[in-house]
Structure formats: structure tokens, C-alpha cells
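Below, subunit A partners subunit B and then partners subunit C, in two separate complexes.
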Partner chain A sequence: MSLFLSYLLPGIPYGCAYALMAVGLVLTYRASGVFNLAFGAQAYVSAVVFSIALHDGWPGWAAFVVAVLLASPAIGLAMERLLFRYTRTAGPLVKLVPALGLLIAIPAVTQMVIGTATRLPSSLVLEPWKVYFHLASTPVSGEELSTTVITVAVVAAFALVLRSSGLGLRMRAVVESPRMAELSGVRSDRTSATAWVLSSLLAGLAGVLLAPLYSTVSASNFTALLVAAIAAAAIGSFTSLPITLIGAIGLGIAQQLLAGYLPSGTILSSGLRPAFPFVVLAVALVAGRTLRQPEAGDPLASCDPPAVAFRAPTRLTEVTVGSRAFTALVVGMLVATTLVLVPGNWEFVFTLGIVLSIVFLSITLLTGMGGQISLGQAAFVGAGAFTAGQLAMHSVPVLGAIVLAGVLAAALGAVVALPALRLGGIAVGLLTLSFALLATNVLFLYPWSGNGATGLTVPRPALGPISFAGNGAFFWLALVFLVVLAGVVKLVQWGTTGQELAALRGSERGSAAVGIDVRRLRVVAFTLSAAIAGIGGALYASLQQSISVNDFNYEFSLIYVVVVAAVGVYSVAGAIEAGILYAVLMQLTSTLPSRYSSLLALVFALAALTYVRHSEGVVAYAKAWVLDRAEQLTRHLQGPGLSLAGEAHIQDRTDRPAVASGDASAEHPGSPTEHPGSPDVHAVPRSHS
Partner chain B sequence: MTGDPPRPAAQGDGRPLLELRDVEASYGPYRALFGVTFSVPEGSAVALVGSNGAGKSTVARVVSGLVRAKAGTIRFAGHEITRWPAWRIARAGLAHAPEGRSVFASLTVEENLVLAARALGGRRPNGALDRAFSTFGQLAAHRHQLAGTLSGGEQRMLSLAKVLVVPQRLLVVDELSFGLSPAVVDEVFGTLKTIRDAGTSLLVIEQHLDRVLSISDRAVLLVRGRVAAEGTVAEVEPAIDRLLPAHPRWSA
Partner chain C sequence: MVAMLAVTLLAAVLAACVSAAPDASAGQTTGVYPKRIVVGALVSETGPLPALFAPIVTGARAYLDMVNAKGGVAGRRIDLATTLDDQSSPSIDASQARTLVDEDHVFAVLPVATASFTGGKFLAANGVPTFGLNVNPQWMDGPSLFGNSGSYVNFSPSATVVQPAFVAQQHHAHAVAVLAYNIAQSQEGCQGMVNGLRKYHVPVAYEDLSIPAPASDLHADVTRMKQAGVDMVVSCMDLGGDVLLSNTMRATGMTHVTQLWATGYDESAIRQYTSAMQGAYFMEPNVPFEVTKLHPGVYPGMDLFQKMLKKHFPHTKPSETALAGWTSAALLVQGLRKVGRHLTRKRLVRAINSIKSFTAGTILAPVDWRTAHTSSGPLNCSAFVQARGKRFAPVYGTPKSVFSCFKTPTPPTTRPISLLNPVPAGVPPARAT
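For the complex of A and B:
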């Protein structure tokens, strides 16, 4: 019994820290529909600030005020004011991408500011390691005691405030429709800002309380904390605060019990403990009440101006030809410089760019075309890489192994898609994230798969007499794979499946209503995407020649999504640009001092914040901008008298009165100028006199 | 011309309760209102009519602050409210029941009402709730039901109750009869009369011309984002007949 207790008690403070984060997650989710993954980063910042302030000799209360009451809420408020209030009525992907970007950007910035020196955590109230009393002969330390007491008190206080002040009710109203809430006299802006400040405060508190449980203050600990918090929130169905609290503490205890009772020294005992929250998350998502959000959306959404279509207007032939020629020129120069001019390691860089492009294509297909969020692509990439490695070890020709890797990854994708079938939006992303963590911590560690930290070696392929051992030769091989796979994705996009995927992205119910088998379509999308990711992984393995589980850490899945979304998630070209750009920037930043090592991630994370305004991606947006200017210039050179197109055309239509006819019967509803998104819009004004 | 004879406009203190002057509005590049000018006298019921796409709902949204006017001024109860946010206009006594689904589907009937009573009228919603449930008797039976599961008619009733838990000076209702059966439309219009008799002025947007004109003193005809005619119902009716001839005037 005392053994059981000695395993159980240390789990409680962990559970409490999970609970604080989870309650914060539920708060923002209910007030703004945003699943704020950046909470992990906010907790990290608070812990860092607290520890620095104490080391600089600040009194404890002052450090607490600055770290918990100021720093984290300020970040939360800035996020709400500058980003997330513009995403209130947007879809799950638009809400997710900036949060992911912040999860990556905030620790990166923090690291650049404070450097990479190891920080020792400081405790909040009591002496952390002093044993205050024994509970059934199990020592209870100050850390454990203060964390537990503070958590229970704070969560209870929050529940009370939410209920008695009506804030909880207002939050639920605002998340359903901020405009309708305003019509009821609710200050929607202030309500959601309040929710963000309060929940950020919880994240900061969790960070400061949890820091002493780890030996150093590092960002990855807090990402793991975040995932445990997500699991606890899922247990509470992302609504109930009490069940979330109980679930979080239960999770913390269960982790400690697992660590205590599983045979030590095995992969399960070391890997399952960090992966356990993901198992819980997967079970809670699949078995529990679903996270499926009502598709009805804000009934007053039509107050917003109609969305601008992604597709560029039809351009002048000169501009189209010019831009294609320019693209061909750039691609040709890239290939030429790779093969002729640049030093050897740049061949490797561009080849890596092509391999990454293939990996990113899998996101283009799944997320860009089908609207399905996957935060676990790294698992499929890794599965492909290790399959190729294992097959090559058993003397399968490497080219064949690369293709077979795609087949196995596809099967894995189909398996993961099955539990995802009854989930929607963000929940699919969380489920795939949990799969990736399971892969990183458990699946890839076995000798028959990734062989743990030792990893595998994978030779370069050969085709009969042709060897691809050199970087230059492998470049051509990768390019052939990219062209074939990009062609496949294009064909899918143009075909029936592509149209169905586009429909699925727009509305799942609408797709079902026009006779699309949504379940089958999702399985197809996941399978195809995983196959592409697997082939990309196998090529990566063969390119690097030596791979280990660290190459396919779950955190890469998050970075992948951020990079592709930042550059352009809707087009095949976007995936290729993202791959090349990422590889080139990685090479350029590789010589920077270590405190700037996350500069690369930061660049893309900040670019991802623009996703709120330009979901087509920074590069695609820039291209459209340049082409617009080119078109204007061409027209200017050609002189007046040409028909107008695009935005100019709309402006022209709306502001120029039509010829007055005086015939009232012409004013029938449904005239071609009426915009479907805004029922009361008339594009052609006419004098009524 | 066989409509009910128009009632004389109720006389207030002389100044109109709501006054729009040269109001312009647009959705992005799409312009919806072009210099709309009209007023709602205190204590009156004004019908806002026009074909689909004439700008009626946009007028309602501009008045309640959901859509910001690009130009012009809007005055309500002695204040210029053109740049006020929607919540402030709502608290000043201008209620707007928008068209379509306009209740919080994920909240219960009672929570819908408590939310509005607290935000509009201070901290103690009990008296306001009792008043609402006595006016809208059939809602009382469903008070703990999710509003999204109510029938269409009950949802419209709730959307009226929601904005009226606290007494309001002006109620703007948009397409009250949309998607409702004729019997339920009768009931909802009966409620409108009750509301008006309790001292709330009305601005009513409605496709069923006969119904809306029968309860209104004045009418405003919108055509393509401009006011084509304004005045008493009798004054405006010829213009309606001329400009909306294809309208199902007498269909219920």
C-alpha cells in the first residue's frame, strides 16, 4: 500500500499543473473557439521570467507578479487583440495555424533574448525539496504541497467566478456569434479579451508551478505539458471544468503509476510515460463526446464583406506567358547552379529541398485540398524512412524499398484515418499529433523499426548499372520522384477526387448532401497523403544515409504545417517553394551561433501569422501582387480601351450607375450582380426618381 | 387599394426617435445603401419595405451597429450613434432581432434570456425573466431546453423575448415571418402589437406587405439602396403598387 502511495502521491502535482493548463485551454476554446497551442510557450516564458527575476535577487512576490500576473496575460492579450479576434468566425485551420506559429515562435524569441544557458527552476511558495510531513510514510515535499493547494484553490475560484459573474454564459454566447451577443448588449471584444487574459494567467501559473518538477527550464518540457493538458481537456469534453480537473490529476497519477509498475529498462516503461497522455487523448477523442463543431457558424457572418476568391482573375495573355517564362527561367537557373556552379554541399541542400517538397506535397493534398488537419505527418515520414532502412538491411534493392515504404506508410495512414472518421476539424489534428508522439516515444524505438537513438543506415540506390551514390546523381533521382508525385497530386486535384476534396474542405455536411461518401474520401485522402510522406521519408533516409528517431520527432510535424501554410498550402507550387526555401534557409542559418538556432523556425512561424489574413500563403500572395502590378503596367503600356478585369472591374461595376430605364419590372430579385454572401447588396445602383 | 386605413402617427416630443441622414453602407467593394434618409417618430410603427436586395436588412444592421455606415449620420433618442459599437446601441434601448436563426442555439431558453437581461439591464434578471415568460407563455415550458432545438416559431418568439426582457425604446425586426406557417405568423404579429402597446416603437422589415402595413403608421420604400418613398402608409402605398407590382401583396 505504501508502495502504491509512493507512486501515486508524486503524480498529483503533475496532474495539478496539467489541470491549470487544461482549464486555460478550455476557457479560450469556449470563448473564442481557438485551440491555443501557444499556452505551452506562455507557460515556458513565465517560468523563465520567474527564474531570472529570482536569480537577479528580486523578492518572490515581485517575481510572481511580473511572471504570472503580467508576462503571460500580456502575451495572451496581445494574441487576442492582434490575431485571434480576426479569426472568430473562421474555420479550424485558420485558428490553428497562428497558434502553432506562436508555439514555435515564442520560445524561439525567448531563447534569442536570454541565450541558451541552462536555467535552474525556482519554486513559488514553500521550500521545494524540503519534506514537510509524511502521508502514510510517503514524504510530501513543499513543491508537491504548494502546487496541489494552489491549483485546487485557483480552479475552484475560477469556476465560482465564471458562474456567478455570468462571464461563462457570455463566453459561450460570444463563441457562437459575437455579433448576436453584441445585440444582447454583451461587449464581445471585452469578453473574449477577458477570457484570454484569465486563461493566460493560468498558463503562466502552471509554468511557474511546474518548473521545479523538471531539472531545467526548457521549452520542450512545456510542449509535453501542453499535450497532457490537451488530454485532460479532452477528458472533460472541452467543456466541463470539474471533470477536466479530475481528469488532469488522474492523468498525472496514472503516469507515475505506469512508471512505477512497468518493468524498468524497457522501451515501454521509458516511452509510454511521455506518450501516455497521447493514448488518453486518442481514447478520449474517439470514445468521448466529439469535438465536432456545429457547421452552422455565425448566423450574422454575412455582415462581413464577402470573402475574396483565392483564384487569381484571368490575366492578360502577355502576363501569363511572361510569368511562366520567368518561372522556367528561375527553375532552370536553380538546376544549372546546383549542377554546375555551386560547391558540393549546395547540391545536397537542393536535393534536400526536393525531398522536403515531396514531404510537403502530402500536406498540400491532405490539408490544402481536403481541409483535413494533420499534426502527425512526421510519423508517416519516419515510417517510410525506417521501412526503407529495414528493407535495405534485408537486401531489398533501395529503389524498390523506397516504393514499398510508400505502400507501408499508406497502410498506416489508412489505419490512422479510421478513428479520425468520426472526428472533425481540430480533433483530427490532435489525434494525429497523439499518433506522432506515440511513434516518437514508443514505436520508432524498437530494433525492428527505427532502432532508437542508434538509428539505421540506408544506402544510396542504384538502378542496374546507374548508381545514385553521388549527390549530383541523387538530385536527378529525387527530381524524378518529385515530378511524378507532383503530377499525381495535380491529376488528383483536377479529377473527381480533387473536386470532392474541395467540397469536403468547404463543408462536410454539404459534401454528404450532394452524395459524396465522406468517410471513404477521408480514408483516401489520408492514405494518399501518407504514401507521399512515406516516399519522401524513404528518400530522406537514402539522402542522409543515416537516420534515427530524432530526425522524425513529432515537433517536426508542427513545423511542417507551419512552413507549408506560411508559403502556400493550396497549390503544388507552394509545396515545392516551401521545400526549397526551407532547405536553403536551413543551410544559410546553420552557421549562426546557437542562441539563434531557432531563427529559421521563427521566420516561418511569423510568416504563418499572416495566415489569418492571407490563407493562400505569403509567397502565393506576393506572386499575385506582382502579377497584378505587371498586369496594370501592361495595360498602361497598351493604352486605354481594353476591358477591365479583376478588382478594378468590380469597382467599376459598383460605382458606375447603370443606364436608368425607369422600368420597375427590371428590379426583380436575383439579378446577376447580386452577391450570394450578402443578401441585401445591390451592385448596380440606379436612381429611383 | 383595400388595405386597412392607416392609423394616425402617435405624437411624441416632436423629435423623431430614430433618424437616418444620407447613410451609405457597403460590404467590401459591394455598395448597399446610397444616401438613405428617413426617420421613425417616437411611439410609431414604421414598415420598411422593398424587394429582395433593396437594402432593408442593411438598414437594420447599420442602425443597430452591426455594419458601420460609410457616410451619413444616425441619431437615436437624442444621441448620435453612427460610430457606436453594437453593444452600446443595444444598451441605449435599440433592440434588433435579425433575420434567420437569431437565438443562441447552444444556450438554453433561460440562458438566452438571462444573458440579455444581465447585459442590458443590470445584475438581477429574475423580474425580467418573469415578465418575459408571462408575455411569451409558451417559452416557459421550454425554459431548460436548448434554444437550437425549439421549433422555428418558438425561436422567433425567443428572439423577440431576448431583446425585450428589458423594456426597449425601439425594436427593429427583420423578416419576422421567414419560414413560418401562416398561423404562427399571426401569432408573432400579435406579439408585435403587444410590444408596441407596451410603449416600444417599431421598425418592421417584412415581405408580407398586407400584414406589415396593417400594423404600421408609416412606411419607407427602399429601391436599390435608396429611399423611393417615405410617409404615412396611405402616402406610400401608390409608390409600392407602382414599384413592386409583382409582389405577393395579398398572400399570407
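For the complex of A and C:
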């Protein structure tokens, strides 16, 4: 009994930590429909501010006021006012991408401001490691005591406010239907902002309270807490605060018991434990009901007029020809300089860009074309990479191993798609994220897969007498793979599957209504996407020659989505541009001082914030803008009397996002319906040659 | 394609071409100019364990500043022009190594302190002289890679490390726990310690060599250690993990446990974590920093290190990583002096690999660079220190030296392990204290 208690008791403060964050997540999710993945980042900022203030000699109460009562709510309010107020009626991807951007941007900005020096956590009330009393002969420390008492009190207070106060009533009304609440005189805008402030207050409190659980103040600790908090929120069906609290504490205890009773020193004990919340999350998502109906929303949503169809842009022949010539020039320049002018490391950089383009193509197919959110692409990339490595170790020719890696990744994609069939929207994203966590913490650690942190060595391929050992030769090989796979994606886009995927992206229910087998389509999309990611991973492994689990950490899945969404998720060209841009900017920023090492991620994260208004991506938007201006200039130069016969309709029908229902306008909030005064805001993915 | 992409690509190509353009004043050897030698650093400044690696640049820079202030070597200043951060990522490490050589055109890579050293293969293949903190097996990849106290590390599963068994015997420990991260060098380093403990019949009561890094919760491990009656713990984690371990033991009532930490011998660390570090032991490949105050003038190399560090970086406290930077720079300079004015990478590598006894001026136990790439050498010496209050104190050793030296290899025995006494020839200091 004593041993059981000694495992059980330390789980309670961790459970409380999950609960604090889970309650914050539920608040914002219920009030604004946004799954605030940046919650952990907000907690991190408060912990840093609190630590710095105390270090600078501030009294504890002043540090608390600034870190918890001012800084964190201010960040939350800014997030709501500047970003998420515009996403209330938007689709899940529009809500998710900016949240992912903030998850990456907030710690990056913090690091740039405070530097990379190690920061020690400071305790809020009791001395964290001092034993205050014994419970059934098990010592109880200050950290355990303070975290538990404060969490239970705060969650109880929040539950009381939501259940019994006027504010709680208004918040619940806004959750049900913002429009209906407004008809009753409730300012849903203001109520939603209040929910964000309260939730951010919890983030701040969580940051300050939980920091002493760790030896240093680190953003990754809070991100890890967040993923467990999501599982706790799922247990409470994203609605019930008391059940969320109980679920969170249960989760913390279960983790400790697992750690205690699983054999030590094994991958199961070290890996399953951090991955356990995601096993719980996967079960809760698939078994629960709340997130299974992503399209259920405001009962008054049907009062909206149907979405205005996106304009089908036309281009003058001169502009089209000029654009294509420019494309050819840039591609030619890229190839020529890579092979002739640049030093070896840049040859490597451009090759890496091509390999990343292949990986990003998998996101284009799944998310851009099919509207399915995957936050676990890095797991498929890793699966491909390690398959190639293992096969190469067993004397399979590397080129064959690359192809087989795609096959295995495809099979994994199909397996992951099966439970996802019951889900939709953000829930699919969370499920795939849970798979990525499981892969990083368990699957990739075994010697027969990724061999843990030691990793694998993967040779460069050869085809008979042709060796691809040199960077220049490998560049050509990667280019051939890119052209072939981009062609495959284009063929899918042009074919029936592409049309069906476009319909699925527009509305899952609408697609089913017109006879599309949505379940089959989702499995096909996941399988194809995983296959492409797997081949990309195998090429990445062969390019790098030495890979480990760190190359495919679950965080890369989030970064991949942010990068592709920021550049342009709807087109093949967007994936290629994203890959090349990412590799080039990574190299250009690699020589900056370490405090700016997050600059690369920050650039894309900030670009992702624009997704709310420009879901086509900043590069795609910029391309359209440039082509519009070029067209205006051309028309101006040609003078009056220009006939429409001289125009070329270059917009391919299949490149347009589906606009079959109101869901599409939600996915493209920048459409003329919502911004009639903004003629430039046409969330139209133009054709990309 | 598009304007933005084109602009970025143009910028990239321009940057690449500019960096590729040869310097008109350059000689035939990359990075060697009439009045300067360009070197570049590769360090894990960000990632899970930055504090472990980042200070190496300070140590190297302090040494180079001192040498440059005296006119450099053979009329050339040594310019530590670039420090690249590999973000503790294996793939970025390899990429940054290529950048240093192909783009920054460094003559040598100094210092290196990285979580993984995948770039080592490329540097070895290109014969680039490379100096730094040896915690990765890649340091054995070629004769141009020089670890701070030899390039050989026995990462085989059967490797044995005698020092923890010696400390356990000194404390009459009955049940020892060994903890390590699930990171190769941490795991393999501690596996050698487990083997050593078993070889010398010290009971290993608890073993967990797969803790996820960085450590975030050690309650289960500590509870199991308590159940097993552990009275000594050996840790191959980083400072953060060790502090968490110590605090968790305190919170669960496990006091009076002897602790041997692989890292954390750092003045600023003991000021920050005074209570957590109390009584912990550390073993070092170099003489302790405290000898400067305890035995002034006996270890002139250590005196000089601390003096120069204070002079050039007054806010930086001595640490084992900073010292690794200093000794790495000292090895480069010693090699450069041997080569003289007609400098090439090959000549430098050959010159260093002919050094019979390198001690960085009485700081290290002697390293024989004729064999130090492939074997651990004839001497197995460490200096032990213990955290006491806000300071460290040297412990064990022999009347003639702060180093504790063991036979190589030490034969299996049921009797207490004895130190080599007197210390073998060549072990600093030359004079008795």
C-alpha cells in the first residue's frame, strides 16, 4: 500500500498541471471554437517573466501580478482581438493554422528577447522540495501541496462562475449560438474576449505554478504539458470542467503508476509514459462524441446567405506567357547554379529543398486538396526514413529501399486513417498528433526501427554503374523523384479523386449527400499522402546519410503544416516553393547568433498568422498580386479596344476550392462575403504553373 | 516561378557565390592568410542541453586572445571568426560542418561541443583539423579529429570505467543506482560505469539508462531506488537532470545518499543549486580549478586559464566545458608552433599526432597523441572534487598529485581498488605539493 501511494501521490500535482491547462483549453474552445495550441507557450511566457522579475529583486506579489494578471491576459486578449475574432465562423483549418503559428512564434520571440541562457524556476508559495508532512508514511512536498490546493480551488471557482454567474450564462449562450445570444442582447464579441482573458489567466497561473516541477524554465516542458492537457480535455468531452479535472488527475496518476510498475530501463517505461496521454486522447476522441461532429455549429448558421463563388481569374496571354517564362528562368537558374556556381554546402541545401518539397507535397494532397488536417506527417516521414535505413542495412539496394519505404508508410497511413474515419476537423489533427507522439516516444526508439537517439546510417543510392554518392548526382535523383511525384499529385488533382477531394474539403456532409464515399476517400487521401511523405523521408535519410529520431520529432509535424500553409497549401507549386524557401532560409539563418536560431520558424509562424485572411498562403497571394499588377500594366500599355478573345482562361477548374456550401466560405474567410470592401481579398488559389 | 521565391533564390545564390569566391589574398591553404588563420566553432548553443556545451567558446576564445595578444603564431593571428549553432540536431550538425568548410572556408574547426557530432565524418573525410569536447564516438573517425583529452572513447557494451567503483568503495556503498538519459553518449558512458561497478563487486541495485532527456519527472525512479535501499547514485545526466534527481530524493526523504555526477562541476552552477549539489562528487580529466587557490604556482596551466578567463571574460566562471575549449585551443597552438610558417592541414595534423605527452600546461593527465585516436593510453587518471557549501573541494588523489590514477586495465578484484602511488611519470604536477 505504501509503495502504491508513493507512486500515486506524485501523480496528483502533474494531474493538476494538466487540469489547469485543460480547463483553459476548454474555455477558449467552447467560447470561440479555437483549439488554442499556443496555451503552453503563454504559460511559458508567464513563467519566464515571473522568474526574471524575482531574479531582478521584485517582491513576489509584484512579479505575480505582472506575470499572471497582466502579461498572460494581455497576450490572450491580443490573440483574440487581432486574430481569432475573425475565425469564429471559419473552418477548423483556419482556426488551427494561426494557433500553430503562435505555438511556434511566442517561444521564438521570447527567446530572442531574453536569450538562450538557462533560467531557473522560482516557486510561488511553498518551498517546492521541502517535505511538509507525511501521508500514510509517504512524504508530501511543498510543490505537490501548493499545486494541488491551488488547482482544485481555481477549477472549482471557474466551474462555479460558469454555472452560476451572469458571465457564465452569457458564455454558455455564446457557445451555443453567438447570433442567438446577440438577439438576446448579449455582446458575444465581448463575452468571447472575456473567455480568452480568463483562459490566459489560467495559462499564466499554470506557468508560474508548474515551473518548479522542472529544473529549468523551458518552452518544451510546457508544450509537453499541453499535449497531456488536451487528453484531459478530451476526457471531459471539451465541456465539463469537473470531469476534466478528475480526468486530468487520473491521467497524472496513471502516468506515475505506469512509470512505477513498468520494468525500468525499457522503452516501454521511458517511452510509453510520455506517449500515454496520447493513447488516452486517441481513445477519448474515437470513443467520445463531442468532436465527432465537426460541422455542427451555430443553429442560426443556415440564416447566412450562400457563399459567393470565387472569381475565376483570367489572364492575358502575355501575362501567362511571361509568368511561365519567368518560372522557367527561375527553375533553370536554380538548377544551373546548384550544379555549377555554388559551393558544396549550397548544393546540399538546394537538394534538401527538393527533398522537403516532396515531403510538403504530402500535405498539399491531404490538407490542401482534401481539407484533412494532419499533425503527424513527421511520423510518416520518419517511418519512410527508417524503413529505408533498415532495408539498406539488410543489403536491399537503396533505390529499391526508397520505393519500399513509400509502400510501408502508405500502409501506416491507411492504418491511421481507419480510426480517423469516425472523426473530423481538428479531431483528426489531434489523432494524427497522437500518432506522431507515439512514434517519437516509442516506435522509433527500437533497434529494429529508428534505433533511438543513436539512429541509423543510410548510404547514397546507386543504379548499376551510376552512383548518386555525390551531392550533384543526388540533386538530379531528388529532382527526378520530385517531378514524378508532383506529376502524380497533379494527376490526382485533375482526376475524379481530385474532384472528390475538393468536394470533401468544401463540405464532408455535402460530399456524402452527392454520393461520394467519404470514408474510402479519406483512406485514399491518407494513404497517398503517407506514401509521398515516406518516399520524402527515405530520400531525406539518404541525403543526410545519418538520421535519428530527433530528425522526425513530433514538433516537425507542426512546423511542416505551418510552413506549407504559410506559403501555399492548395497547389503543387506551393509545396515546392515551401520546400525550397524553407531550406534556403534555414541556411541563411544558420549563421545568426543562437538567440536568433528560432528566426526561421518565426518567419513562417508569422506568415501563418495571415492564414486567417489569406488562406491561399502569402506566396500564392503575392503571386496573384504581382500577376494582377502585371495584367493591369499590360492592359494599360495595350490601350482600349482589348478584346476578351485575347485572354486566356488559365484557371483550372480543379484548382479552385470547393464552394458547394457555406463551409467553404468558412474555410476562406477572406471571401467577398465577409470583406466586401476589400477587393484584393479573394482567397482563390490561382493556377500555379 | 514567382517573384518572392525568385528574390530569395537570388539572394541565396548571391550569398553562396560571394562565399564561394576565393579571397585574392589567400594562400594555397584554405583559411590561412599572410597575417591570420581563420577557425570556426560548432556548438550546441540551443536544444535540450545548451548549458552543457555553450561555454566551450569562451574558453577557446580566452586562449586565442592570449596568444594573439603576444603576436599570434609564426606571425599569424588566430581568428575565431564564426560560431555556428547546430541546435542539438544531428542533421543540422552535419550541415553546419559543411558550411564551416565550404562556405566560411575555415582552416580548422575549433572548438566543437555538440550533442551529436554527425559532422565529424565530413570533417574527418576532408582532413580538417578539428578540436573540441569529446563526448561523441565520431571523434574516433579520423586522425584530424582531436578530443579535449584524447579522441578515443570506449563505447562498446563491454567497456568498464573504474572510477565509480572506487568512490563506492570509499563510501562502503552497499547498493548503487545508475541513471542515464536515452541519449547515446549518456547511455553508453553509464553502461561502462555499470560494468565497472559489477567488475569490482559493487552491487548495482537499480539501473535506468533510458530516461527521456531533458528529465522532467524522476519520482518513479527515486521511489524504486528508495525501495531498493540505494545508498549511492551515479548519474550520467546533465546538470538539470542531476538537480532534479537530488531535489526529488530530498522530497521523498532520501537524504544521505552519495552522489557521483558526470557533469555540473561549475562555479556558477553551485551558486545556483547550492542545496541540491551538496556532497555530490564529480570526476574530471583535468586538475580541479581549486588548485589555483590551494596550491598556487604548482599547476601553472590552471592558474593561467583562470587568470585569462577573468581578464577576457570577467563575468564567466570556470567550468569544465570552458576548460575543454581552453585545452583544445592550446593543442591547436602547440601544433601550429611545431609546423611554423609553412602551414597546411596535413602538416598540422601530422605535427599534433607526433606529440607524446600533451598536458595543456599541467592541466590534463598526459595524452599521447601517437595513440590517442585508437586507445585510451597507458594512464587512467581522474581528479575528484566534492561540492561543499558554495565551493568545490578536491578529494582523494595522492600525496604527490590531485590526480587519482588507476592501473590500465585495472584487473578484476574483490579487494578495494588501490590508486597508483606514486603517480606515474608525466602526471602533473612535476613538483610535490
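As a convention for this text, the second predicted complex is superposed on the first by the 612 of 689 C-alpha atoms of A that agree within 3 Å, B and C clash if a C-alpha of one lies under 4 Å from a C-alpha of the other, contacts with A are read in each partner's own complex, and residues count from 1 in each chain.
Following the convention adopted for this analysis, a contact is a pair of C-beta atoms (placed from the backbone, for glycine too) under 8 Å apart; a residue touches a chain by one contact, two chains touch by 3 or more.
Just so you know, these numbers come straight off a predicted model, no measurement behind them.
In the superposition on chain A, contact of A:407 is made with neither subunit B nor subunit C. By the touch criterion stated above, A:546 is placed in contact with subunit C alone, subunit B being left untouched.
Of the two partner chains, subunit C is the only one touched by A:326; subunit B is not. Subunit A has more of its residues touched by C than by the other of subunit B and subunit C.
In the superposition on chain A, A:518 makes contact with neither subunit B nor subunit C. Judged by the document's definition of touching, no subunit A residue lies at the interface with subunit B and also at the interface with subunit C.
Residue ranges of subunit A in contact with subunit B, taken from their complex: 166, 169-170, 172-173, 176-177, 179-189, 294, 296, 299-300, 303-306, 308, 647, 650-651, 654-655, 664-665, 667-671, 674-675, 677-688. Within the complex formed with subunit C, the residues of subunit A that make contact are 3, 6-7, 10, 14, 111, 116, 118, 120, 128-131, 139, 141, 143-144, 213-216, 218, 220-221, 224, 256, 259-260, 264-267, 269-271, 274, 326-327, 330-331, 333-334, 337, 341-346, 348-349, 352, 441, 445, 452-455, 544-548, 550-551, 573, 577, 580-581, 584-585, 587-588, 590-591, 593-594, 597-598, 618-619, 622-623, 626. Of all residues in subunit B, those touching subunit A in their complex are 26-32, 34, 51-58, 61, 64-67, 85-87, 90-91, 95-96, 98, 100-102, 104-107, 111, 114-116, 118-120, 162-163, 223-228, 242-246. Considering their complex, residues 1-6, 8-13, 15-17, 19-20, 45-46, 48, 50-51, 54, 82-85, 87-92, 94-96, 98-99, 101-104, 116, 118, 121, 182-184, 206-212, 214-217, 219-221, 223-224, 226-227, 239-241, 243-244, 247-248, 250-253, 272 of subunit C touch subunit A.
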